[in-house]
Every structure is written in structure tokens, then in C-alpha cells.
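Take a look at these structures.
What follows is chain A paired twice: with chain B in the first complex and chain C in the second.
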Partner chain A sequence: MTDIVTLNNISKHFGPVIGVDNVSLSVRSGEFVTLLGPSGCGKSTLLRMIGGFEEPTQGSVVINGDDVTHLPPNKRPVNIVFQDYALFPHMSVGKNVGYGLRVGGVRRTEVADRARAALELVGLGDRFDAKPHQLSGGQRQRVALARAIVRRPKVLLLDEPLSALDANLREAMQVELKRLQRKVGLTFIMVTHDQTEALALSDRVVVMCDGRVVQDGTPDTLYDRPSSTYVAGFIGTTNLFQGQVHGDTLHALGQKLVVPEGLAPEGRTLTFGFRPEKAEILTAAVAGNGTLPATVTDILYHGNSARIVVEVSGSPLSIDRTISDARHASGLPDIGDQVQIAIQPDRIMVLADEAAA
Partner chain B sequence: MTALETSVPAITAVRSTSRKPRRWGASLGWGLAIGTVLAFLYVPIAVLVLFSFNTSRSLSWPMEGLTLDWYRTLAGNEQLIEAVGNSFYVATCSTILTLLIGVPAALALDRLSFPGKSAFRKLVLLPIALPGIITGISMLILFRMVGFTLSLETVIIGHATALLAVVVTQVYARLQRLPRSYEEASADLGANGLQTFFLVTLPNIRSSVIGAGLLSFTLSFDEIPVTFFLTGRDNTLPMYIWSTMRRGLTPEINAVGALIVAFSAVLIVLSVILMRDKPGAR
Partner chain C sequence: MTLALSKRNRLRQFLVLSPPLLWTVLFMFAPYTILVVYSFWRAQFPLAVPDFQFGNYIEIFTDPQYARVLLRTAKIAGLVSLLALLLAFPYAYFLAFKVRKPGLRLTLYMAVVAPLWVSYLLRAYTWKTILGTEGLLNSFLMSTGILSEPSSVFLYNQTAMVVTLTYVFIPFMVMPIYAALEKIPPNLIEASGDLGEGAIATFARITVPLAMPGIVAGFTMTFCLSFGDFISPILVGGPDGLMIANVIAAQFGAALNWPLGSALALVMLVIVLGIITASDRFERLGQARLS
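Take a look at the complex of A and B:
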């Protein structure tokens, strides 16, 4: 059995509030799984039920083959990194990291050695005697990581581990987190509301909404084949519009687009979409089969790319264009230009939810 | 103290005269107010300490001369020494007892949720507003009913009851500011309830426990009303002072007072040292 964590139909109710609603999930050993969703969708509650801090109202939690639903946190082979790190302020960094070993009855000399080794793993071998308040935010984060992995848990739980850091540091820590996970080969279950973080780090992303799982898949599945407008809107930017498929033609935006045959049921009004980088801007002269005439309304310059907002039959669409030229911004259209849009046919997505009538 | 009184207005005056001369009057006013408050608080104590060294028995100014005679007679007064011993015994035991009950009660209030919790909290905190006489009489009636003979131990129980509210309020307030995640992290790292309490919770609420303990000790040490009702034949120090005072104010009493002041000063210094929150503690 390679599933290390299995959640069977678990729910958590706080009085009338439903925190988590009938979620089932399996996590394989060594996997990096992210729970992604907006604030209040139940990510933390789900994670805390795996850690043992909340008891499910319904369902069961199985870790490493054992039903741990009713076991307290200290009886579970998992460790958690809290959002506020929860480093003990009265203990040195080394004592913090060694705490789990010390209360577990490990010999004093071994505690110090293993704590030092764990600190070295996160690059803080020289701060063994510092107090937590003497460290920077990023260093505290690493101490919390070291403290959580020192007992070699089966699963490491992380509740928005990077949200307290500023943007630059967060990116650096993302790299470190991934490196650490590869190095120690642990199973990571991380909570985040940051979609770029989820896509960058995870083997699998579980998107949640109102206590339920709405989609569970690899980052590229979520990005290329979001199952609903909710997921499409939450992950990256998507141009959404409604249309009907007839054979290999999609009638949408008052135009005709070319799509692979059998993309969607014949004649049903559905929501379709495409990512901003899956379309090209051509000069007005090269109108061809399936291109859309458009007017440029805005250009947002991002350095290595630019987002060009165009209007097609009154609907705004965003199109990204990478800028590889040495001379920046050359080759971009001007606002007001008449252009043609070519969308890659196999990049048009169908979103499961029916279009609102 | 005199340095404080004079330097405060002086410094502000120098800074403000150049631009806003009107401020001068305000600073002087503040200086006077501070001086008055301090004088009101400390002049009586200074007088007490000073007269304990007076050669004459009379409390008239100027003093006739300096002597340590009163302290010498103190050392020979067996009744008084016994009373001091009793007071230490009562204050120490009631402090320990009230901490043993109060800290777990505060923990229960903060960490558990049970039906009737808010009523429980109000009931625990209520005795703080109850006059000592009421506590004394009611406990006396209870002890009579149960058939306890009155002794220093009944005084200890009475004090512990009266002081419980002090301990629970202080420790509870500290616990409320303690992030719950510390205890969760401890449990997550494999610690059981006792390990979590002694290794994580207690070190973080330490200053409030010490503070509550010192306050309880002081309050118990000079408590009269509850002691009056609940003591048997033994006397505590305040009771002894009070009973000798009926025979007149003696320089001996001043000497006892001066010693208590010295002892309290030690306690205050101790509490400041012990309660200094470690940097980084929240």
C-alpha cells in the first residue's frame, strides 16, 4: 500500500458552520500535495484533522495504514509547521529543534546531535544557541521546518508556511522547501491560498471551495484542463466566453472559431475559455480561417512579457506575448490598432459547469 | 526622590522656555502634583522608619537621638517572634495552596469549554469583591458546622479561598495572551499533557504565576479580618501589632514596621527580577 494518508468522507462542523464537507483524499508516499483555496474554504481545518487538532464530525483518517481518527496529535506519525511557526520563545533554537526528541525520551547527547544535523539541513547550523526572537522571519521559518522534520515523521503538514514572508524571501523559500522535500523524501501536505506557490511546488493540487474539493489533479491538468470556471478563475488568468459547438466550429463572440471535432456536445450552450498565452496577435491583413478581428484597448508591460487587452465583439480578452527582443517593447501593437487573434484550437477549454441560462 | 521632584520640572523648563514660555507653569504644576503624590505615599513610611531609631518614647519632632534599643527589645520579645513565625507559615502555606488550586483553575477556564463555564468564571472571581469580614464569618460558620477546631490551618484555608480570585485573574489574563499554537506544537512533537504543561506552558506563564504568588503572600501576610475570625490561640503579626496597639503606640511597633518595610522592599526587588519578561516573550 503506497497511500500514506487516506481521508474517508470526512466532515467537520463547528455548530452550524460547516468547515469541511465530505472530503475524500488519498496522498501517496513521497508526494507533495497542496490544498488550495480562498480564505475560509476549510483548508486549515482539513490539515488540522490530519494532524489531530480537530476531531472529524464524520468520516475517518487513516495514516500509514492505521485508523488515527480519534488519536491525539502526540500519537500520530505526522508533524506540522504552523503559520506563526509557534517556536517556543523561552528555548534556544537548538532546544526548540530538539524538543520532539527530548520529550520522546531520546538521550541528551543524541538530541543535541540530531538537532544540530536538522539545523544544518536547513542551513542554520551556526544559530544553535540563538533565541527565536533573534532570528529573521525566514530563519524562524527554517527552524520550524527543522523542528518538524527532526523526528522523521511519515508526513509533514504545512499551514501557509510562507505567507508571513515578503515576496522575495517567499520565492527563495519555495525553492528551499522543494529542495528539502526532495532531499528528505518526505510526504508534504501544504495549505496555501497562493496559486503560483501551489503550481510551483506541488505534484498534485487539491482545489477547495466551501469545504469541498472541487478539483484534484497535477498542476498542468489544473492549468490546462480546469474542470470548472471556479478553478479556471482561481488558477491563472482565463478568458471565458460562451458558445456552441457544431462539428469543428465553435460559435462564440459573434464569430466562428476552429476547434477539434467532438470538443463538446453538439449545439449545447457552454462556457469555453483559453489562457492568455495560448493565442497570437496577427496583423489585420492576415485574416484567416478561425481568426478573430479585434481592437487593442490596453497594453500592460511586464518586462519579459506584455499583456495585451483586446476587444472582440464587445468582449475584452487578455493575450500574453513574450518579449525576447533585445530592444524591449518593440513589435508590440499600439492601442487602437485593428488586429487579428488566432487561438490555438487544441488549447480551447470546455468548462464542465453549464452556462447560466 | 528629591532628585526626581526637582529635576523633572527643571529639564522640561530648559527645553520649553525658549519657545513656549507658557509651558513653564504647566511643568511646575506637574512637578508639584508628582511631588505631592509621592509625599502622600512615602512620608508616613519614612516617619515610621525614622522614629524606630528614636531614643525617646514620644513621637515628637525633633528626635532626641538615635538608638537601636527598640530593635534589641524586639529580639527579646518571644510573643512577637512567634507571631512573625506564624505569619510566615500562614502566608507561605496559603500562597502555595492558592497557587496549586488557582493555576489549574485558570488553565481549565482558558483551555476547556464546558457548560456553565462563564458562570464558573464569575463565581471564582466574585470573592475578590467580597469584604474579608464576610469571608471570615462564613468560613467560621462552616468550620463550626464541620467541627474543625480553629487554628493556623483554618486561617490558611480562609486565606487561600480569599486569594484564589487574585491568582486566577492574573494567570488567566496571561494565558489568554499565550498563543494556543505553542501547546499544539508541543503535542504535535510528541509531548503528553504533563510535559506540555511543565516544559511549555508554565515557563511562558511563569511571570504571572510568580507575580500572583508574591501578591498573595503580601496580602496574606498583613491580612486581619479573615484571620481574626478563623484563628485559634495563635496570633499572626498584624494581629499581634493590632492587639498591642490597644495599649498605646510604642517605638517597638515602629521597629517591627521598619522591618516589614525592609522585607517588603526585598520582595519587590525579587519580584521585579523574577518577573522580568524574557525578550521575545509575547
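Take a look at the complex of A and C:
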């Protein structure tokens, strides 16, 4: 597979403010890449530099083998879907979608045909003559998508495309977005600050912080092997604690845990962690090698699962348990119960501490 | 109980509203009514005799001199509006899209709008001093050697009137156009570029259509204000520069023909109201397309 977009050490400074700080990134053709990070970390700025709306202070942007660093948006083979859709209010839906086709010198009748086909692709074939203000938020979103893909760009850029929708619609649109990407086979680069959205849709997630890339990997790598406490904290919930490894024993939480040999350098104090669903709650009677004695302090019931908060040597840990029984909440411990918890040894993660790295 | 309350409320409403209502009736509707009544009377120099006849209107529509004045007035008002548009649009565009600093933008905006606080007469008079034989333009041209002696061609003609009226009424063009341009979301411009259009096509396909309500409003205001003006013809206009308002003023003054003056005033009123209604329709059509 070839790289369709390559960013070489690009930075963007807004006066004293550093929006993007020395980022390098390659996106392969057909890939669905997500830029994920908290507000103000530079995701939009990075995306806008690919689209041509911001000129990098340093570095270069290569799209489809051409250096486009200093080209305006209308000279780049990419299209963007704006967060608030940016539909032209004085044009019908069909005219909006066909807007970019007139530029290519396409004939009027063909413009209409292709616009209609693109609208059908997003399920709005019958709204060709409607005005944007007559559509719902989700429909406007789809018009914006149709308008961007109708020009068959090499890359489709999406800046928080679903953030203006309510939760139910957002989930439906996620499915549709993924289906659309598979159908048209385009390269998607999407910005989001919603980690579930990033994990659900992407082939690859790029986690950003303060204008830099902190980790770049597949969703399961990011989830199972976050490189830092920052990433672990940003994606899902993680129980974090300090500890030292000696052989196959991890000294942490005032206890001894069993870990695979060679998990971390011998004797160094590092941050370790595990995901809430990677541990089990056992009755106090079955204490064994590597289990930790704990006290249940809180139970949060979620319907198909429950989060049980326990305390081990004064530190709170969260543990998820799925509930498959018909009777809800059956088999859950009670608050105040003494229990044993068993963490799956191969699910304990080592996190490079920012200080150590 | 509720009835009494609503009655009291209505009474209070009436008390609050009655002074402005009275004022409007007394000073707006009454004069117009008098004007309408007068327009059917007969003139018997130097008196106006009560009557009900259409002689004044017939005179206006048959005597070609009135049509000529009306056409000239419309021509001057049209030229003023066009010139003001050509100057105001680039200025407002520059303010809305090119000036980044809010402070500078406000300063430049106020530079155009602030003269509205200065007396109209004073502003029109300024151009007399600029264009006159002793004026700035002449002294400039003489000091640069282009002219050897002061010229009087700049003042007392229709060009001088158009220049003066444009200067006087241009704020009414800048304000609505700037307001319309400022409302255009920047990402619509970006989206047009993203979809392959260059700056000129984006301007024609996005910026101008979205600014149209402001352009129409500005054009209407400038046109109607110039159409009814009678000061600048007196100050800087020549013998061929009389506008309809001057003719009307003359009927109430030296000519002492109030009935004809009233009829002329009503004809002018109908024309202006017609223009305002048409522009309002047009704008509402645009609003329906936009909203």
C-alpha cells in the first residue's frame, strides 16, 4: 500500500501560541485515520494544514506524491467536511452537492446526475430540491458528506463531523460513516475528541497532546498497550499504580502480583496499570498466589455490566463485571464485603512515565 | 378579578401608548391628510380655493417639464446610488474580510459613519469649498501647474451634485453592506475554496449573493434619500440641476401654488413608497431563499 498523505515535521505557530509542534505522519491509501485528543491540542490545525486552510510554519505536506505545502485548498485533491457542515444557505441541496463539479468543466446535466447519485449514496436522493434549512441536523451532515465525496477526492477530511448531533443520531451516523468509507474506498482522516468514536471507526488512531503526537497505533494497540499514562487515561478507564518488578513478581499496592517474566526492567519504580474488565472478583475464601485482598466500597450498576470499586491497601481500583443473568444484579457483592481480586497477569500494562521518558 | 386586571392593564397600556400615538396622528397623518386635501383644490393666485378636481394631477402628467424634472431626479439619484455602491462595497468588503484587528476595523467603520453626526448642511457645504473657484481642488491644480488660473467648471453642475450627494449618503450604503458581509460565516468561503473555486468565483457565487440583502437595502436608502434631496441642488447644483424637491419647494414658496405643490409631493411620495415596497419584496424573497 502506498502513502497518500505524508506530513514531514510540520509545525504551526500562531504568534506565541504553538498550535502544532513538529508532527510527522503518514497515511496509507484507503486508511481510516483518526486524530484524537483533548480540546486545543492542535487536531483541527493539523487537519486544516492538510486541507490547505493554514500554511505550516515549518515542514511540508505531501499528498499523492506532490508537495502541496504552499498550494491553496482549491488546488489540492482533498475535500473537507466542516464541523458545522458549512452548507451554502442560498442554494438547494442539489446545487450544494454539485457546487464543486462545475469547476471541473463538467456539463450541467452531468453535474445534476452526479449530485443526485451522491445524494442517493447517503440516502437523501429525494431531497435534491430542498434548502439546507429545511433539513435536520443529521440530514445536513449527510449533504456535507455527499458534497465532499462527489468530487472523488484522494482524501476526505472530517473535522468532528458528528459532534453537533445528539447521542442516538451520532451512533447511527458512525455506522453510516464506516459503511460509506468501505463503499467508496476513500482515505478518511477524521478529527474527534470522542475516544469511543475513534476506537469504533478507525484503522489507526493518532493521539495528540499539546500539538504533538503522543501515540500512533491501531485501536487495540492503543487500548491494550498505551505507551503512557496520558494515553491510558484518555482512552477508556485504567487503574494506575506504582510498582517494581523482581523476576515474575510485581511489588505494588503493598502486595505481590504475578506478572510475566521480563515485563519491566528489574527493580525500577514505574507506573503499571490494568483495565477494569481484566480483573475478577473472587470470594475471600479463595485467596491464592497473586490475588489481592480488597474491600468493596461502591457498586455502579450499568444494566449489562456493573462497575465495582474496591479498595486495596488504601488505593481505589475499578473492576467491571458483565451481568448475563436474567435477574439483575444477582451475584454482585455487597458494599463492605471482603473479597479477593485476581488480575490477569498478561493484562498488566507498563506505562512509560512522562518523567522517566 | 382577572377581567378587572386585564382592564386595568389595558388602561395602563393605553396611557403609556397615547402620547406617541397622539404625536404620530397629529404630526404625521394630519399633514398628509391636509396634503391630500390640498392636492384637489384649485389655485387662484395667490389663494388656494377649496374644490375637488384633478387639474393639478392632469397638469403634472401632461406638462413635460415635470416628467423631465422627475427623470432628472431619478437619474441623479440612480447615479449617486451606483457610485456609492461602487465605493462602499469594496470598502465594506475590505473591512469585513481583510482587516484583522478589531480596533482598526472599528476606527475605519466609524470614519465613514461618524460624519452622520455632523449637520447635513455642513457636510454638503464642504464640497462647495472643495470644488469652488477659491477651493481646495483649484488651489491644488494651480500649485501643481496643471491649471494656470482657477476654473469654475467643478461647481454648479450635475457632477458636483452627484459627488456631494454620494459623499453625504454613502454611510447608508456602507452600513447595511458591512452588516451583511460580516454575517457570512468564514467557513462558507473556505468550503468554496475546498470545492475547487478560486477567489473570484467564490466572490461571485457565495459572497455577492449572500451580501445581496445589504446591497438592496443600501441602494434603496441611498436612492430614496437622494431622490428627495433639495439642499445640494441649491448649494452645488447649476441651473440645469433642479430636482423634484426644489420644484415642490418653489410651489409652496415663490409660486404660491399650494395645490400643485401638494399633488407633486404626493406623486413623489408614491414613487418612493413604490421603490421601498419593491425592495422589501425583493429582500423578503432573498430572506426566504437564505433562512
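Criterion: the second predicted complex is superposed on the first by the 352 of 357 C-alpha atoms of A that agree within 3 Å, B and C clash if a C-alpha of one lies under 4 Å from a C-alpha of the other, contacts with A are read in each partner's own complex, and residues count from 1 in each chain.
Assume a residue touches a chain if its C-beta (ideal position, glycine included) is under 8 Å from a C-beta of that chain, and two chains touch if they have at least 3 such contacts.
This one's a predicted model, so the numbers in the text were calculated from it and none came from an experiment.
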{"item": "Side-by-side fit of chain B and chain C on chain A, or clash", "value": "clash"}
{"item": "First (chain B), second (chain C), both or neither touched by A:Phe53", "value": "both"}
{"item": "Partner chain in contact with A:Tyr223 - chain B first, chain C second, else both or neither", "value": "neither"}
{"item": "Contacts of A:Asn74 with chain B and chain C, given as first, second, both or neither", "value": "both"}
{"item": "Which superposed partner A:Arg151 touches (first chain B, second chain C, both, neither)", "value": "both"}
{"item": "First (chain B), second (chain C), both or neither touched by A:His133", "value": "both"}
{"item": "Chain B and chain C footprints on chain A, overlapping residues", "value": "51-53, 72-74, 78-80, 82, 84, 86, 88-90, 99-100, 103-104, 131, 133, 147-148, 151"}
{"item": "Contacting residues of chain B [partner chain A, same complex]", "value": "179, 181-182, 184-192, 195, 199-200, 203-204, 278-282"}
{"item": "Interfacial residue positions of chain C with respect to chain A in the complex", "value": "185, 187-188, 190-198, 201, 205-206, 209-210, 286, 289-291"}
{"item": "Residues of chain A defined as touching chain C within the complex", "value": "51-53, 72-74, 78-80, 82, 84, 86, 88-90, 99-100, 103-104, 131, 133, 147-148, 151"}
{"item": "Chain A - residues contacting chain B, complex", "value": "51-53, 72-74, 78-80, 82, 84, 86, 88-90, 99-100, 103-104, 131-134, 147-148, 151"}
